[in-house]
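To start, I am sharing the structure in question, which I have written as structure tokens.
Each chain gets a letter, A, B, C and D, in the order it is written, and its residues are counted from 1.
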Amino acid sequence: MTFSGVIPPVVVPLNDDFTVDFPSYTRVLEHLIAGGVHGLFVLGSTSEVVFHDEAARRAIIEHTVRVVNGRARILAGVIDPTTDRVIAHARAAKAIGVDAVVVTAPFYTRTSQPEILDHFRYVKAAVDLPVVAYDIPVCVHVKLDRAGVVALAREGTIAGLKDSSGDDGNFRMALLDLADRPDIFLMTGSEIVVDSALAAGAHGVVPGLGNVDPHGYVRLWDAARRGDWAAARAEQERLCRLFEIVFVGLPRTSSGAAGVGGFKTAMRRLGIIATNVMARPQRTLDEAEAARIDPILRAAGLLG
Amino acid sequence: MTFSGVIPPVVVPLNDDFTVDFPSYTRVLEHLIAGGVHGLFVLGSTSEVVFHDEAARRAIIEHTVRVVNGRARILAGVIDPTTDRVIAHARAAKAIGVDAVVVTAPFYTRTSQPEILDHFRYVKAAVDLPVVAYDIPVCVHVKLDRAGVVALAREGTIAGLKDSSGDDGNFRMALLDLADRPDIFLMTGSEIVVDSALAAGAHGVVPGLGNVDPHGYVRLWDAARRGDWAAARAEQERLCRLFEIVFVGLPRTSSGAAGVGGFKTAMRRLGIIATNVMARPQRTLDEAEAARIDPILRAAGLLG
Amino acid sequence: MTFSGVIPPVVVPLNDDFTVDFPSYTRVLEHLIAGGVHGLFVLGSTSEVVFHDEAARRAIIEHTVRVVNGRARILAGVIDPTTDRVIAHARAAKAIGVDAVVVTAPFYTRTSQPEILDHFRYVKAAVDLPVVAYDIPVCVHVKLDRAGVVALAREGTIAGLKDSSGDDGNFRMALLDLADRPDIFLMTGSEIVVDSALAAGAHGVVPGLGNVDPHGYVRLWDAARRGDWAAARAEQERLCRLFEIVFVGLPRTSSGAAGVGGFKTAMRRLGIIATNVMARPQRTLDEAEAARIDPILRAAGLLG
Amino acid sequence: MTFSGVIPPVVVPLNDDFTVDFPSYTRVLEHLIAGGVHGLFVLGSTSEVVFHDEAARRAIIEHTVRVVNGRARILAGVIDPTTDRVIAHARAAKAIGVDAVVVTAPFYTRTSQPEILDHFRYVKAAVDLPVVAYDIPVCVHVKLDRAGVVALAREGTIAGLKDSSGDDGNFRMALLDLADRPDIFLMTGSEIVVDSALAAGAHGVVPGLGNVDPHGYVRLWDAARRGDWAAARAEQERLCRLFEIVFVGLPRTSSGAAGVGGFKTAMRRLGIIATNVMARPQRTLDEAEAARIDPILRAAGLLG
């Protein structure tokens, strides 16, 4: 089993009391599937995964599996600080029926690159599902070493990589390192250099902004597949301009809250979800900020 | 209620299968109480807190409360990435009967200083127990701002601070900022500048190395209390030399694993615990490394 | 006057006594011009600029101007920690006859973004030459803010940007920000995502690796100009594999010494320069390391 | 020859045109000597060293030597990015007649710890003067490794250390490492934990704030020498409160400009220097900020 195409990390809408708003969440999933995406990444950073406890995570995955009902591949983030807690999440996700699990390096604790490699090996040994390595130094404060990623791939520990490191040069080198292994699924977490990543051979893209405009990323993917790089670039540039919504909340909110908060605020405006509430202690975009998102949506052709 | 004195963060020994070795853990607690410590900080970084799931954390706190049986104050770390998960840990800890909870800034997620202050406020509002702020940027990758700590103290949100930031100048300034508030409990997490911190007015010390030599830190505390700074310095310097055990595992293990691993290996050598096993994926000190710890223990007078 | 195309940062070969080896340097310049490059960036990081004092810098620029003799545009790095020292270098470079100066943010001293913008303004006000901003946080430890770069461009302070930040997403956004200003020259300092940068609209490329294989980067540029992205990608991938020479010295040398040292060692092997000596205190690649560079050159088709 | 006591890094006042205001500078030197300081560190970060070119540095050192005229030991910073430029500064300083040179790790260029050690060795081999290692990661972005400092001291390369790293635990360990070598001069660059450093055995202190209140630091030193730690602490705490002047400029200026700018503004208010001008592109404290310094000076007893 491999994965490819547009696989957005799914926004999880919240009620005012910070519980999951499942009716809105259903609409998010239907919106993405209607947009033509090829897979769904639930419980990544965009899903505010580390704000959800075990019960909430289980409920989110169960709901996803039920609503999606085979219409898209489901990758589930199993993100917590250390190995055995990650394994517990992975076992729960497997029991519910996801297609792969997505694993970061340990965090809070300070681990070395050899310990990090062992972390992925322990998870793989414990759970018989494809494991995707999630390189996200902005959250875990360590970068996955390129040689380590390649070793994990070649030994069968990981089935793929989601690169959210922002180090596109390193990702390019990794694509070449594994050019003989098309079964190893290498995807970029970027929203704004997707055409570049696809032109360089990336197998997929996991854009948080895809929650707002899945059609756009699918058009970009389709243009890349048929080698129409001018169309891909034009679509990417429109999406880059749309990406400005992630900066609107700054500096009143943190960058984390501004990013997902920008997505949520846009999705509320587009009628997909009911609130733009962010999990505590993050700050929710206020109405003045929300008003600054409208013209960006309009310029991107998403709002009349 | 306030806290003062020597309050070690308690090492949690493990069996070879990574479960908690409770008989050894009982011996750790008895060793510390026999050493004269004034309190115990369970489920901090030294306890490998983020490696333990909710059930294990509950079992550790319950065991601690039962064994200690009122002989020392108990502070419990309630450490996980985000607010509501921290609140859940705090409620569980309160229900079991700890005296205070110890809370870090959020991690994995990127939060701003105002969001971090709100985090402490939400926890305090949810759990009627003293809240101690735990400043540990090496783990959470953000420093608690001095002005924010002072504001939280003055408004009644936090009852104290455990400063493991290594920024002793900033801690000194915070001591002065709150010099009129002796009820706010300010303690250093350092092992090696304890005499300095006490001379500057710190109310307590939370030394991981206190697991290996509680008597030493209690002698240091007593010397400081009676103003015998020469004796305090001599004791501190002996403990500084003992502190070299935390570097023995480097660079084969991570710094995290080397530090607590050094404590565990020394405690095994001293007959307090049965193994020096570290939680996965950390590397355990090997026998060659263990052998290098013996002469350090001997030089510190802990081994015949 | 604007700039575009392949503008390598020029390697400055040294004698065994660390003085500049001018006969070898002449060969480097002729090698680059014969390779078809469109400009030359002298006294950047690849030229080991901060190792050269004022007299050496002047001699290097004078030699460059004399040898090049109008056959390529010359950009000169004027890199030192603070504004007035940069201005002095810029005046000297202008007097000798370069076409533009390249300026980093201040370093050693800690400056804020507004102070950094003023730095560029002071330089521009003092020296009537095009000023190119050089974004190189790995050296100066501060990233040029995107909004600041755009402001400097629109107000006429800077004529262009050399982006060596590795933050290709941010560079993409800057390209869009200034899409209406084709006179502002935006170039990437990357060696390994050049096809991506050109596809996204970058006006030029400043690849250190171009010292070793200028023809390759010129072929890549030409392919991009005619829209042959498959050819551009193939050339880029060959150059990516050649780029492995920058890692050969690690970890015996620093990353700085390994990078330029890899270029120098390859250029020595190709008969362009006489030594691979690095300026003190950097370590020079040894013969065992040099031997590991040969097969990389061979695989890239540069060595028979 | 060794060094000890209070050795302030000397503020260099500027005219409005950014040239050195030598009459004011003379008053700074006389103010410090009248304050009882034991030595002077010229051309460190507090002197805005990297803003001064070779000619200005020479003029500053010459003026210092002439005015001081043997009344205090003079250490001269020889701070520039790379080895041979540092050697050139060191030779010039020696020729003028300073007592020691103060050397940082290389900067801008990325060097490894072994290359950094070689840097100090090359300087020492080139200049027959005591070399003091200056550990200032906030400026050079690398910390001097404790083992490396000890090795340099024991092999005779360095005569001392100025520790401005803020890592007081590491400094404490270094004091112990070299406890058998009282000839190696270990001084803290801190303003606010000086009593702690002296109690732990530091040989001296290099406080920027000593420009504002040299008498205070000399009283602190004298109290420490006679073992009156209560008096030392009281003096230190008064100076900690005075230290708040370094934050007044924030965030309008950078932290660098706020710190030295705070000193200059206070010294102008005390009639020692004529302007509070900071070298370009740093921002000078404005009059509103200057007004906020007055009450701090008053509370510290420096202003009637």
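Convention: a residue touches a chain if its C-beta (ideal position, glycine included) is under 8 Å from a C-beta of that chain, and two chains touch if they have at least 3 such contacts.
Protein identities per chain, from UniProt: A, B, C, D = 4-hydroxy-tetrahydrodipicolinate synthase.
Predicted, not measured: the structure shown is a model, and the values here were computed from it.
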Margin query: On the document's contact criterion, could you list the chains that touch chain A and likewise touch chain B?
Written below: none
Check: To reach chain C from chain B by way of touching chains, what is the minimum number of steps?
Finding: 2
Item checked: Distance-maximising chain from chain B - centres being C-alpha averages -> C
Check: Where the CA atoms of chain C average out and where those of chain D average out, how many Å apart are those spots?
Finding: 35
Item checked: Whole-Å gap separating chain A and chain D, where each centre is the average of the chain's CA atoms -> 49
Check: Which residues of chain C are in contact with two or more other chains?
Finding: none
Notebook entry, point to check: All pairs of touching chains?
Noted result: A-B, A-C, B-D, C-D
Check: Which of the residues in chain A come into contact with chain C in the complex?
Finding: 166-169, 172-173, 176, 190-193, 195-196, 199-200, 229, 233, 237, 240-241, 243
Check: Which positions of chain D touch chain C when the two form their complex?
Finding: 18, 45, 48, 50-51, 53-54, 79-85, 88, 106-112, 114-116, 118-119, 122, 138-141, 251, 253-257, 279-283
